[in-house]
Amino acid sequence: MNFASDNTAGVAPAVLDAIARANRGFALGYGGDELTRAVERRIAALFERDAAVFLVSTGTAANALALAHVVPPWGGVLCHAEAHIATDECGAPEFYGGGIKLIGLDGVGCKLSVATLSAAIDRHTGHRPHAVQAAALSLSQVTEAGTIYTVAEIEALCDVAHSRGLATHMDGARFANALVRLGVTPADMSWKAGIDILSFGATKGGALAAEAIVIFDPARADTMHERRKRGGHLVSKHRFLAAQFDAYLADDNWLAWARHANRMADRLADRLAGRGLTPVWPVDANLVFVVLPAETHARLSAAGAAYYARRSASLPGGMALAPGDVLARLVTSFATTETEVDRFTEITSG
Amino acid sequence: MNFASDNTAGVAPAVLDAIARANRGFALGYGGDELTRAVERRIAALFERDAAVFLVSTGTAANALALAHVVPPWGGVLCHAEAHIATDECGAPEFYGGGIKLIGLDGVGCKLSVATLSAAIDRHTGHRPHAVQAAALSLSQVTEAGTIYTVAEIEALCDVAHSRGLATHMDGARFANALVRLGVTPADMSWKAGIDILSFGATKGGALAAEAIVIFDPARADTMHERRKRGGHLVSKHRFLAAQFDAYLADDNWLAWARHANRMADRLADRLAGRGLTPVWPVDANLVFVVLPAETHARLSAAGAAYYARRSASLPGGMALAPGDVLARLVTSFATTETEVDRFTEITSG
Amino acid sequence: MNFASDNTAGVAPAVLDAIARANRGFALGYGGDELTRAVERRIAALFERDAAVFLVSTGTAANALALAHVVPPWGGVLCHAEAHIATDECGAPEFYGGGIKLIGLDGVGCKLSVATLSAAIDRHTGHRPHAVQAAALSLSQVTEAGTIYTVAEIEALCDVAHSRGLATHMDGARFANALVRLGVTPADMSWKAGIDILSFGATKGGALAAEAIVIFDPARADTMHERRKRGGHLVSKHRFLAAQFDAYLADDNWLAWARHANRMADRLADRLAGRGLTPVWPVDANLVFVVLPAETHARLSAAGAAYYARRSASLPGGMALAPGDVLARLVTSFATTETEVDRFTEITSG
Amino acid sequence: MNFASDNTAGVAPAVLDAIARANRGFALGYGGDELTRAVERRIAALFERDAAVFLVSTGTAANALALAHVVPPWGGVLCHAEAHIATDECGAPEFYGGGIKLIGLDGVGCKLSVATLSAAIDRHTGHRPHAVQAAALSLSQVTEAGTIYTVAEIEALCDVAHSRGLATHMDGARFANALVRLGVTPADMSWKAGIDILSFGATKGGALAAEAIVIFDPARADTMHERRKRGGHLVSKHRFLAAQFDAYLADDNWLAWARHANRMADRLADRLAGRGLTPVWPVDANLVFVVLPAETHARLSAAGAAYYARRSASLPGGMALAPGDVLARLVTSFATTETEVDRFTEITSG
C-alpha cells in the first residue's frame, strides 16, 4: 500500500529491457550516439514539430534549466504558490536563473485563473528598474493538487502571458496523466495551446531517471547545450537516458501506464467517497487528496500504508482541517494494483 | 576498436543485474531508501572512516558540487591547466561556486609539483580583498595525461595546501585505475594522504551513471544535501543509483574491472612501443597517448578506429608535434578486448 | 513641494563641507586611510560595541550584501511582502545571495507580527532538502508604510527568529527617523534588541551616497571584505565615503535632521487630518500616506506637488481605495520646509 | 611624494564645485533628473554617436557589469594575464557574469598581440559544450604596465575578435591618459577602432567616484538598467554622479588633467633615466615602472615616498629582478607636482 509518490514505484520492465538492449557495443558519449539522436527526433515528432530536445535525469533539472533559459536573472516567474518549482526544489530555479524570483499566486486546487494571472502581471510590470518584471508563466500539468488544466484554460493563460511579453513553461512531470484524461494530442496540450518550453517527464511514469526539456522553437535552443553541461546534467553514457524514453514512448506504453495510474486513482477516489471520504479536489490524474480523521490515519499507518500528509492553502472555499485531521496525498502509478487500492480503502472503514 | 573514452563502453552486466534486482516493490525516493543508506555506509567503510557520501549521476556534478562546497565564491582553485574541471566542464565549478576562479598551473604529464603549487599559493595569497585567494587544491587521480600521483606525492601536495589553509579535492573519475596500479587502499590514496573531499567515480569504471561525493569530515557535510538538491542532482528513484555502486563494489568488481582496463592499456602501450610508437607519458592507468604520423592516423580512421586527437602543453621536455602529427588519446575500459588492442596496433604498422 | 522621496533632497551642507575638508593631500585608497578607520570606530562606538563596519554607496548594496552574508544560497529571508528588499531592489538580494528566496509575509502597516513570523517559520522549516529553509528575518525600521517597530516588538520578533536559528537583519535606511521617535539609543534599537546585521543608512538622512553595513559580531565579518569588493562596492577614494558619515554623525546632526524630517511629517499629517485627510497608517517617522480623491490629486499635481502613488495590500482592516482614489506617499526630509508643507495642505482644500 | 595610485589623489576642485552646484533644490532620484540626462547625452556626443551611458561609482562595477552584459555565463573573456579585471577585482566579473571564465594571456608590457589573441581564440573555440567558449576580448587602455595600444593595434585586435564572434570591451579607467598621448578622438580610440562596450573612467582622472559604462550600440543596452540596479549600483541621489562627469568633461578639464599626469610621468621617467633608472616599459601614460635596488627602495621609503612594489611576468625579453630589487610602480595624477617628482628622483641618487 505505497501511495507516497509515483517515484516510490520502480521502473517499468520495458524500460529496464530497453536499457539492457542499449548495452551493446560502444557508443559515443554525451549525446553523440545514434539512439539519442533518434529519440530526440522521436520526441519532436510526437509533438508534431521541429522541436529541440534535451534529456536530463531529474525533473528539478528540467524545470530549473528550462526556466533559466527563458527568464533573465532579474525576471519573475508567475506560478501557483504551491507549485513544485516554488516549494520542493530547494531554490533550483533561483540558482540556475542567477537569482530569479518565483512569485507564488493563489488559486483553488493549485490552479491559476486568468484573472489572478492578469492581476499579477499588472503588479509585476513597470516600475523599472526597481521591480522584478514578470517574465514567465509556469503551469504544472498535472498540478500539485492532482487537478489539470483543460486545453482551453492553458490557451487562455498562455494568451494572457504572451500578450504581456511573458514566456510560458509547463512542468509536465505528470504530462501523460493529464494527456490521457483530456484525450488530446501532446501538441494540443503544449505548444498549440501556447507553451514555449516543456519539462516532459518520464520518471514518474515508469522510467528510471529520464526527463526531457522540449523547446518548441529550436531557434531559441542553442545555448541549452551549455546550460545543461555546466549544470552537470549532460550524462556521459547518454544512450541509456535515450533508451528509457525509447521504451517509454514505444507502443504507446506511456499512455497505457498513465491510464492505469489514473484508473487506480479513480478507483481509490470512488471507494473512498463510498466510505464518506470524498476527495478534496477533483481527481483529474493520479493523485487523490482526502481528509483523514486522526484515528483513520493512525489505523492506516499501523497497517503499513505509506503516504504523505500535506498542508495546503489551496483548499476549496472556506474548507479547513479540524484539529488532528490529516490531508493525505495518495499517489498511484503504473505499478499500483487494485488489491492495494482495495485494501487501503477497507482499512479506512475500520 | 573504440578507444574514444571509457564512457563509450556500456555498462558492466553485474551493474545492470543490480539495477534489475533493485527493481522490486516500492522504496522511498530521494535517497530515503534502505539500499541507499547501505551503500552510503559501505562506501564510508571502504574508506575506513565515518565519511558522508552523496551519490550523483555525473562526474561534472560531483566535481562542481565538491568544489563549491569547500571554496568560497571569492576563492581560487589551483589545478593543472589541463585538468578536466578547467577544460571540459563548461564552467560548472564556476557556476556552482558562484563565480570561483580556476587557476591553471603547469606541469609535465598534467601533474603538479610541490614547487609549482607553493609558488602559485604565494602568488594567490594576500593583497586582500583585491585578489582572489587560493582556497583549494584539486588533483586529478588519474590525470588527464593518464599519469598518476604516488601516495607520497599526494601527501606532499596536500601538506603544502593544508599548511596554507587550502582545502583539498581529488577528481577521482578514474580512482580505481590509479588505486590498483598503486596497490594501496582507498583510504591511503585519499584522506590518509590529505584529501578532504573526493569525487569517487564509478561511471567510467563500468556503472551506468553513478558517482559519489565523499566528504571525509562528516561534520562539514550537512549542507551538501541542499547543494545537491538545488543543483537538480538528487535523483528521485535513488535506489537505482545506489544499486550501481552496490554492484560496482561487490566482490571487488571495481578493482577487477580497473585492472583489466589498465592491462589493456599496458598491452596497447607495449605493442605500440614495439612498433616505434612509444607513449608520450608513462602509462599509469587506462590511457595511452601516442603521436601518430598523419598517414597512420588516416589508416586507423579508415579502419574504423575511434579515438580523439588532443592538444597538450604538458608534453615532456621540449617535445612538440610535427605538422600533421596527431597526439592520439587511447582509452581502454573494462570492456576493451585484447583483440581490439591487437588489431589496432597491427593497423599502425600499415 | 517635493515629497517624492527623501532622496530627492540634496545633500546637507555639513556633509558637503566634510567632503571638501577631506580633500586635502593624498590618502590611501580602498579604505586604507585614517579617516575611514576613524569613522568605522566611531560607528562602532555609537553602537557601544566592537562591531565591524563596511561603508558602501547605496542602500541596495548594503541590504543585498548583508543578507547574502547571513543566509546560505538555499535559505529564505522572511520579510514583509512590501519590504523594499522584496519589491524595489530588482532582485539584488537574490543576486548577491546566489539565488536565495525572499518570502513575503502579510501585516498591516508593513509590520510583521510574532504570530505571522512564527507561522511562517513553521511553514518554511523542515522537509529538507526539498524546501528552502527560513534562514533570516529582515525588518525595515522605518517600514515602507512609515510605521516603526517598538524596541519590544523588535525584541519579540528577534527572539522568535533566534530561537529558530534564523539570523536577523534590519534595513535601517531611515534608522535615524525611527530612533528619534523612540527616543532610545542605537544599541537599544539594534543589537540589544536582537539584530545581528544592520544596514545603517545616511543617504536619505542627508548624505550624498553613504550607507554602512554594521555586523555586530565582528568574528562573523571577515569575508565581507571580499563580498564588498567583488560586488564592485569598495570605493577607491574611500575617504569621501567616510567623510560623509563623519559629518552625518558629528554634533548629532543625524538626529537633528531626522527630528526635523519627522516634525515636518507630523505637521503634514496634522494639517491633512484637519482637512479630513487622515493618514492611513500611524505617522511614526517621515512618511505620510493619505488617500487623495482624484480631484485633489489632480489639483496637487497641477500645482507641481511631487509624490508617488502607491499600491498596498497592507491597509488597515478592510480598507480599500475607491476608484480614482490615489494612495499618496508623502516623504519629508531634512530639507523639507514648513512653507512647503503648508502650501501642500492648502492646495488639498481646493 | 605619493605615487601609490592615481586614486590616492583627492578630487579636482572643479569637480567638488560641480557637486556643490548640483546641490540646489530637489531632483528626481535614480537617474531621473535632468542633469543626468544631460550628462548621458554629453558623453554620447563626446563619442560622436547615439550611445547608451550608465553611470556607476566604481571601476570594478563598470568592468563587471560591462563584461556580464556581453558574455554569457559559459563564456570566456580573453585578457592579459595581469589585467586589472583578472587580478584586482576579487572575481567581480565572474560574480556578475554568473561564473564566466577570465582567460589570462601573455604579452610584454601587459599588451596582447594579434598572434596571441588568435591562438587563444583557436584554443577556446569548439569542443562544445564541454569547453568554455571565447566570448569577449577585454583590453586595458592604459594597460597595467602603463603602456598603451595604438589605434591601429586596437583595430587589429578588435578585427580578430569580431571576425571570430567575440565582443570587445575596453577597460578605460585611464582612458584620458591614453587619449591625450595618442592625440586622437574618443571615437577613434573606442568604437571606431572596434570597441563594443567601454568602461570610461573619471575617478582616477580627478572625479570623486564616477565611471561610465558606454554601450555603443544602444539597441543592446536596455537590460543594463536592471543589471546596474540589482548590482546595487544605481545611485539614488544620482545627480551627484552626473555632476562629477559634468565638471570632468567641461572645458576639456579631463584632457588637461590627463596631460598633466602624463607630463609628470614623463618628467619622472626622464629624471630617473638620467640617474640610471630607466623605466622597464615605455612610459605611455601616467605610470612609471622602475627597478629599484633594495638600498634605494629603503631610502625612498624612509623619506616617506609612497608607491607599491609589483610583480610581473610581463617584463621585456628575459629581464628578471635581482634578489632584493624592487619593481616600483610610480603613478602620477592631476595632483602630482614637479616638486614631488624632483624630490623623489633626487632621493634615488642617495
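All chains are identified by letter, namely A, B, C and D, in their written order; residue positions are counted from 1 within each chain.
Following the convention adopted for this analysis, contacts are C-beta pairs under 8 Å (C-beta built on N, C-alpha and C of every residue); 3 or more make two chains touch, one makes a residue touch a chain.
As the structure is a prediction and not an experimental result, all values here were calculated from the model.
Engineer: Given that chain A and chain B are copies of one sequence and touch, is their interface built from the same residue numbers on both sides (over half shared) or different ones?
Structural biologist: same
Engineer: Would you mind checking which chain's C-alpha centre is most distant from the centre of chain B?
Structural biologist: C
Engineer: Can you give the whole-Å distance between the Cα centres of chain A and chain B?
Structural biologist: The separation of the two C-alpha centroids amounts to 34 Å.
Engineer: How many angstrom between the C-alpha centroids of chain C and chain B?
Structural biologist: 50
Engineer: Residues of chain B that touch two or more other chains: which are they?
Structural biologist: Where chain B meets two or more other chains at a single residue, that happens at 30, 73-74, 89-91, 94-96, 98-99, 129-130, 226, 229-230, 234.
Engineer: Provide the residue numbers of chain C that touch chain A in the complex, in ascending order.
Structural biologist: For chain C paired with chain A, touching residues are 73-74, 87-91, 94-102, 123, 127, 129-132, 311.
Engineer: Across the complex, what residues on chain D touch chain C?
Structural biologist: Its residues touching chain C are 2, 4-5, 7-11, 13, 16, 19-20, 22-30, 56-62, 64-65, 89-92, 94-96, 203-204, 208-209, 226, 229-237, 240, 306, 335.
Engineer: In their complex, what parts of chain B are in touch with chain C?
Structural biologist: For this pair, the touching residues of chain B are 30, 72-74, 98-99, 128-130, 133, 223, 225-230, 234.
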